[in-house]
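Next come two complexes built around subunit A: one with subunit B, the other with subunit C.
Take a look at the complex of A and B:
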């Protein structure tokens, strides 16, 4: 069990913590200012026992014009997961690199640069393509990248092929005459 | 003797770029993969060799990228359920369980007890099946193709059980949000017990043939050592970490499903007295296969009666309240996790799949390969148990 109030008090002394919320007894999320994140994560790793990095990912908050970057850490002794979140500007997506913290961070940052277009200056090999060699389009995991539009413009449909909206199609074929659906 | 790379003699890396003068005639670039029998799945290794010694390795992925995470953002919650199992071919059930459990947590659905037991049984069977395939690969990488044929035969018998239970051999689509798709067929438990007995018999043979084989011992002992201080820095989980003596197992740590009601101990390299080289990791995984068999027997003994499914709301209009969660489970390779964000609509906002191979096949493998012989690359890679589809998703 982790005492989140005590953790918050410790973190407040050092960094600007915006919010801390508990999802389960073994999972909490902590939101920090962008500038504090590398130090806060290093503090959590070195002094609070969150030694394992599960993953780094990004959630595109298109409507707020923000990217939310999530660093998921695990404390093996207290059996607790902590997601450290921060929001960065979507128009100028730059984040401090943390490749010295864990070995896998450089790979995650490489993927985030490719999929979301977030820059991590100084991260080793960050400009090498990860999964999308010779991809010239916009970063594909962004919400405003329309996969359907892209494939319709790039590829040609096979003649005679039709596509159904699943809800409408199910209503017609599986539950004919049911008005309540 | 332990083989560790003598990093002093290799050229320096600056900013992730190697400074090899390929014109000098001292180095040669070799591509292993993406089509190569020694590579697990579609993944390419860019090797720089000096003689037959590897001085640099870069992992290249992207040959399998199907954009699962992007696809899931455009599909309804229930439409993603037949999609997630495709992320990892040899053991799809962990994807099904984690996706179902995470959506249930966000939607606040409680599932019946028998469904929880059947889920656990399903996951342990998937573990055994996946380990059988892996064991054949590991032996095959060191030239013992016969063992691969034995294990693939046994895996097929396990797939028969899955077919009887779920209707599908490879992709089961059995663990649905709300429980499992159907109850156990009549007489199925006795079929499981018979197959387990056969698997055990073959395991005895394999242990005799593999662990007493002079070639395997000469090549695998001392190769690919993972030390305990590497575990946190490289994010190593699962058998790769446990072989180095670090007792971490999410089945014990998080005690999800019914693992707290089953009798088992974490198997580490120390507890079975092996080193954390390829030989030790193979011993450890063989021990975990026996542990899996024991867990399946315990579950069949204690399986409660009752319903196996609660209906979620109309799945065509199913909206899940806004929230986010991260769930992890111990798969054969380590920590498998799903991070799901919902914005309250009928489609997920973001699904992130955390596969253990992400660190094992890239950061860790790139660190371990320099200094080894080019002929050992395949064995070393298989010993880390990497599956490329979960790297690129």
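Take a look at the complex of A and C:
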């Protein structure tokens, strides 16, 4: 068990913690400002036992014009996961590189740059393509990128394909005559 | 008769000048089938020695393992895997192909010696399957290389693969499996389609 209140008190002494929330007994999320994230992550690694970075991921909050970056840390001794979240501006997506804390972070940052277009200045090899070769379109995991339209324009779709909206199709085939659905 | 120098050569524009000497610039040539009993004999031989290129291009390649082993035993049909395109006559495209893989598919297909056959395995090769609206997978394989037989399904079981191989054999025996000649005749069309989506074309125009 991890005492989140004690952890919050320790963090509050050093950084501006916006929110800390417990999702399960072994999973919690901590949100702080973009500027505090590298130091907060280093503190959690060196003093609180969160030595393992499981992954970095990004959530595209299109409606708020923000990207949410999540650093998922793992404390093996206490068997506890802690996600450090931060929000950055979607129009100017620049984040501090974390490759000095874990060398492997550079790979995640390369992926985030390719899939979401987030810049990580100084991260080694960040401008090399990660999974896509010769990609010219917008970053494909952004929510305002219309992958279907792109596919239809690019990949010679075969005519005659019939598709159903899953919800409508289920209503028709599984629950005919149910007006309340 | 034209001499070799009279033929139009491929520009290989995307190769650096220092590499151009290493690669051939000749276009693929149509090899007309000799009609009659000799061609029938050759086709009988081709149909009974289908050698698969050992290049699992997508998730469908997982179905080739049970096909190889004792339960389905493709060897009884004269089908066996080969490690290199030079020794292979049959290319099984195992399902979805991303743009990155398609580049390797084109390169491997061109390196195979004719007559060569292509089996499209799974719905993804027909119309994109479940990846039809993906930003990075092709929808129709036959726009990029000639396909002899499609096996629909996601995944098709090894029995379906055997049925597809049987259908391919019948096509070869009937003299209809002219994919390599089709590729040579419509070379410019295939090449234009390939280059439309493979934008970093850093290889020769024809890798034979």
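Basically, the second predicted complex is superposed on the first by the 169 of 181 C-alpha atoms of A that agree within 3 Å, B and C clash if a C-alpha of one lies under 4 Å from a C-alpha of the other, contacts with A are read in each partner's own complex, and residues count from 1 in each chain.
In this section, a residue touches a chain if its C-beta (ideal position, glycine included) is under 8 Å from a C-beta of that chain, and two chains touch if they have at least 3 such contacts.
Keep in mind it's a predicted model, so treat the numbers as computed, not measured.
Q: Touching A:154 in the superposition: subunit B (first), subunit C (second), both, neither?
A: second
Q: In the superposed arrangement, which partner chain does A:92 touch: subunit B (first), subunit C (second), both, or neither?
A: It touches nothing on subunit B or subunit C.
Q: Please work out whether A:60 is in contact with subunit B alone, subunit C alone, both, or neither, and reply first, second, both or neither.
A: So A:60 only meets subunit B here.
Q: Return first, second, both or neither, reflecting whether A:133 touches subunit B, subunit C, both chains, or no partner chain.
A: A:133: touches subunit B and subunit C.
Q: Among the partners subunit B and subunit C, which is in contact with a greater number of residues of subunit A?
A: Looking at subunit B versus subunit C, the one contacting more residues of subunit A is B.
Q: Per the definitions at the top, what is the overlap between the subunit A residues touching subunit B and those touching subunit C?
A: Common interface on subunit A, subunit B vs subunit C: 131-133, 140, 147-148.
Q: Can you list the residues on subunit B that touch subunit A in the complex?
A: So the residues of subunit B in touch with subunit A come to 13, 15-17, 61-62, 65, 67, 69-71, 73-74, 76, 79, 105, 232-235, 237, 248, 253-254, 314, 316-317, 323-326, 328, 335, 337, 339, 341, 349-350, 352, 354, 358-359, 362-364, 367, 391-392.
Q: Going by the contact rule set out above, which residues of subunit C touch subunit A in the complex?
A: Within the complex, subunit C touches subunit A at residues 99-100, 103, 126-128, 132-140, 143, 193, 196-200.
Q: Where on subunit A is subunit B touching in the complex?
A: Result: residues 23-24, 26-27, 29, 51-55, 57, 59-60, 70, 72, 76, 79, 81, 83, 102-104, 106-108, 123-126, 128-133, 140-141, 143, 147-148, 166-167, 170, 181 of subunit A touch subunit B.
Q: If you look only at subunit A, which of its residues touch subunit C in the complex?
A: 131-134, 136-137, 140, 145, 147-148, 150-152, 154-158, 161
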